[in-house]
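Residue numbering begins at 1 within each chain, and the chains themselves are lettered A, B and C in the order written.
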Amino acid sequence: MGSVVCTLVAFAAVVLTTAQAQVNFTQAWSDVPFQTFPGGEYKSSSAMTFPGSTSMSAALFKLVAGGVRDAHWHNVDEWAYVINGTCRATVLEQGKLRGVDTWDYFEGDIWFFPANTAHTVVALADGCYFLTGYNNASFTEERDAFGLSDWLALTPQRIMAQALGLNTSAVPANLSSRTSHDGFLTRLAAPPANSLDAYRASTLLQPPQQAAQVHRFPLAHGNAPEVNNGGGYINLADSSTFPAATTMMGALVKFEAGGLRQLHWHTTLSEWQFIINGTFEGAVFTRAGVAQDFTLGPGDAGFAPRGSAHWLRNTGDTDAYMILMFDGGVFTNEDVGGLIGVLPASIVASSLNVTQGFVASINPRLESMVPMASGNLKQA
Amino acid sequence: MGSVVCTLVAFAAVVLTTAQAQVNFTQAWSDVPFQTFPGGEYKSSSAMTFPGSTSMSAALFKLVAGGVRDAHWHNVDEWAYVINGTCRATVLEQGKLRGVDTWDYFEGDIWFFPANTAHTVVALADGCYFLTGYNNASFTEERDAFGLSDWLALTPQRIMAQALGLNTSAVPANLSSRTSHDGFLTRLAAPPANSLDAYRASTLLQPPQQAAQVHRFPLAHGNAPEVNNGGGYINLADSSTFPAATTMMGALVKFEAGGLRQLHWHTTLSEWQFIINGTFEGAVFTRAGVAQDFTLGPGDAGFAPRGSAHWLRNTGDTDAYMILMFDGGVFTNEDVGGLIGVLPASIVASSLNVTQGFVASINPRLESMVPMASGNLKQA
Amino acid sequence: MGSVVCTLVAFAAVVLTTAQAQVNFTQAWSDVPFQTFPGGEYKSSSAMTFPGSTSMSAALFKLVAGGVRDAHWHNVDEWAYVINGTCRATVLEQGKLRGVDTWDYFEGDIWFFPANTAHTVVALADGCYFLTGYNNASFTEERDAFGLSDWLALTPQRIMAQALGLNTSAVPANLSSRTSHDGFLTRLAAPPANSLDAYRASTLLQPPQQAAQVHRFPLAHGNAPEVNNGGGYINLADSSTFPAATTMMGALVKFEAGGLRQLHWHTTLSEWQFIINGTFEGAVFTRAGVAQDFTLGPGDAGFAPRGSAHWLRNTGDTDAYMILMFDGGVFTNEDVGGLIGVLPASIVASSLNVTQGFVASINPRLESMVPMASGNLKQA
């Protein structure tokens, strides 16, 4: 789903081009089918399919038991959230004395892998389901990642022999000879055993040193939410709590029925939204006279460019959850109450075209999640 | 005014395209009429109207008494110089525990507001007249700023009620319902009283903390000029003297009659020039065989791209003043004398195609402002 | 020379456009003739002639005795390697209290000059031959550098008089009046004397202070190679050994006959390759299903974009040398052995489509230079 209404109010001094009016900050991503591979399913969202997202892209992976996302790397950073199941992921830190960091990522865990560090993911059982975000609008894993299997399939047999320290005759003629498609998500004969230590030890070499950083953070369990009230919660980790993630960050947001993510903007961040469940209404205000009102359902995506004012609201009767991804590592947030509350009342009245009496009736102390009945919560 | 002559000298190895030859580093901005709003007048200069300015844009505001530039923010930094009158400006620092910084800015004061921090300006009396600069070539306030009035006008009544903690019926149907044009520069029934303290206190909330930085710097009064001689002065503030301004800086430059801003370039900065009064000649040298000679009058604008060699000279009989804005926070400057003076004389002679005797007659110690009679000042 | 074969393997999910398939990461630069000037010869390589090089450009200079590259500066950084002869280069540090740094650069020395710092080069004898690299794809010295001679030739006589502290009548009408072409590489009547101290002292002024940094590093002689074995050596200097070079770095690489630069990628760097002597084969792997196989001879150039996997191999019977230039100041490198060695063997087997027995036969300990007979070197 995902429907769109554009609200246009004329500004005498500005001629809105059609292109400006048609920017769409949502994608009905739930309508996009998954692609199927030996090791599971995958779909991507990038500027090609979601042109309104001008600084980030994303993907969804659902691995079957023993499904492997081939060891690969890419020119963009990757932030991920495990929606379901258990995913065992390994990342090689860069540098001569790099460490190797392998963990089991459970539901609600996040990872961050810097650009061009090699990583791989394997599912211990059916249903390792995760969302990835990238800090580049046009990136897709299927086109732009450098994969080990693809790479070596394209390398001559005699060069592989010299590179691996083998006789040429010992190198299979069909090294990595499956298609790129099948190599993207391969499948082991059996998933790895549960023991993380055994898995870490099943290598030809031991890493030169311990990993310098932990690339896993248990976001959904054990982290203190930023806000937690009758409207819902905002549970986020930026580089102050998850130091490995210096250039991207994210949040799990719970909306109670009717709960509103307060009107706000981010001074330094663009925001990519993924709906886990429920139905939402929202809007993005991008320039004088131009805002987009929209609705989003499970599996849909939205985007709010840096600086743009926006809000989201759960229109359903039950709790609904959303994942937010941001293209920076330090959280910034400006809510409408914090702005209206500290401006002189005369200036606010002029801006809102209201009396100073009306300004005095505003509650500027509401938190970033606003319960449906906020009107009743107003302080005397 | 603003007339242009392009000097082209052929370089055998280069074919100059028409596009290269036609770059115009000046804008006859004085010919552009101001737009009129309830709260005053405004005009902008951006890549659309001044394509030669490839990394900065600018605007002029003239507010009437009680005129208000609506609370707003934008994805670019803003540096401003008050040319005339008194402007009361407020900026909200970003961050959860942000401070709010309100000052009266007098003639010769400058401010710096970082990207996407909300700010508003009100005129205490007729004639608050200021120049703003932005570190982006295509930015204009009327199209690209996010304004509080515009934002809330586009937000549904029931959402505003939840956001402000009110009953829906209490929210005026016509909240911010003036046009975007009228909301851009509104006008209070009466200007604020002179007391800055009373203005700062007339808010619903007090800011969570003191402002971390002072966003005002008294450039024209009390700051020690970089250079001050019979040619004029260069009075500048970069981040070493005005720490709030990390990414832009500026200067007030006085030219005595016939005074020359020495031939120079900036290793790290592009320069945007605004003529306050007087008439100037100048040139920008941008590549082998290509320089633009020009004249500029009051209200006109010029631009010198990073690295390009340029000079400016007062062709009138009285003192003339210019505002310079730069797209970086640290000042760098290379004058021709400093270059010629420290190169071996044989190398200089070869470059200038002159004798070493001529090189010996050069005065390499002239300061950045050169009096008309510099020839008489030469040291023995 | 420089021949190209593109290997394409279809990936079901991707439609390769012709443009993607045709990217050429080599330039038969040896086929490009030098241009001739009074002071020597020159040729450039930029995006116009080598479109596959997307973040760097380069040039070759061969100066005759007394040949001078006119004092100039440019908006990009410059890293250079002296291939032959002795070049005396001077750079002015930026800043009010700048130093001036003049050295004789011998074969195997490198320099680094930051963007827009003025510099000049003179040949003490015939054959000062050096390669320059720039961290911008489209830059060329002949079009984009700001030269002292060109600059002053375009400046009016009366302005020059005021700028240099002379009477107008004392300024030659033909100041710098040679053509841009001839001013690019001029020639002194006689080369400077050998004494560096005398050359440094032959200026109108003494620099305000000592140079803050040494811009010269003796790369080829006295620096400890990163790797040095029967395959060859990699002799590099990044900002940890050559602190003046913060944004570019480079290496001299020796390949013994049949020696292989191991399959690898750089997480943070693109690489520009120049062949000094010998013949090479190599490949660049850029995306799923796309690699370019190529051969390179003396004077040819290659490029490997950031993140792309690549290798190079000496196909001749004798030692061959290559200069590498990178668009960053900190070295990063990931070899295939370091990746395969620390991944669980089951994951490697799945990626390579081989048995775990084959994986166990791999030697993951080979260094970055691999001798032809690496198969015999495998550890038990």
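As a working rule, a residue touches a chain if its C-beta (ideal position, glycine included) is under 8 Å from a C-beta of that chain, and two chains touch if they have at least 3 such contacts.
For reference, the UniProt names are A, B, C = Cupin type-1 domain-containing protein.
Not measured: the values here are computed from a predicted model.
If I superpose chain B onto chain C using their CA atoms, what angle of rotation comes out, to the nearest 5 degrees?
It is a rotation of 120 degrees, to the nearest 5.
Give a one-word verdict, same or different, on whether chain A and chain C use largely identical residue numbers at their interface, taking over half shared as same.
Different, since most residue numbers here occur in only one copy.
Can you compute the centre-to-centre distance for chain A and chain C, using the mean CA position of each chain? Integer Å is fine.
Chain centroid spacing, chain A to chain C, equals 38 Å.
If a residue has to touch 2 or more other chains to count, which residues of chain C qualify?
If we look for residues of chain C contacting two or more partner chains, we find none.
What does chain B use to touch chain C in their complex?
7, 9-14, 260, 262-263, 265-268, 283, 285-291, 293, 306-309, 311, 313, 332-334, 336-348, 350-354, 358-366, 370, 372, 374-375, 377-378
List the residues on chain A that touch chain C in their complex, please.
Touch residues, chain A against chain C: 35, 68, 70-71, 73-75, 90, 92, 94-96, 98, 100, 114-118, 120, 122, 142-156, 159, 161-168, 170, 172, 174-181, 183-184, 186-188, 192, 199-200, 202-207.
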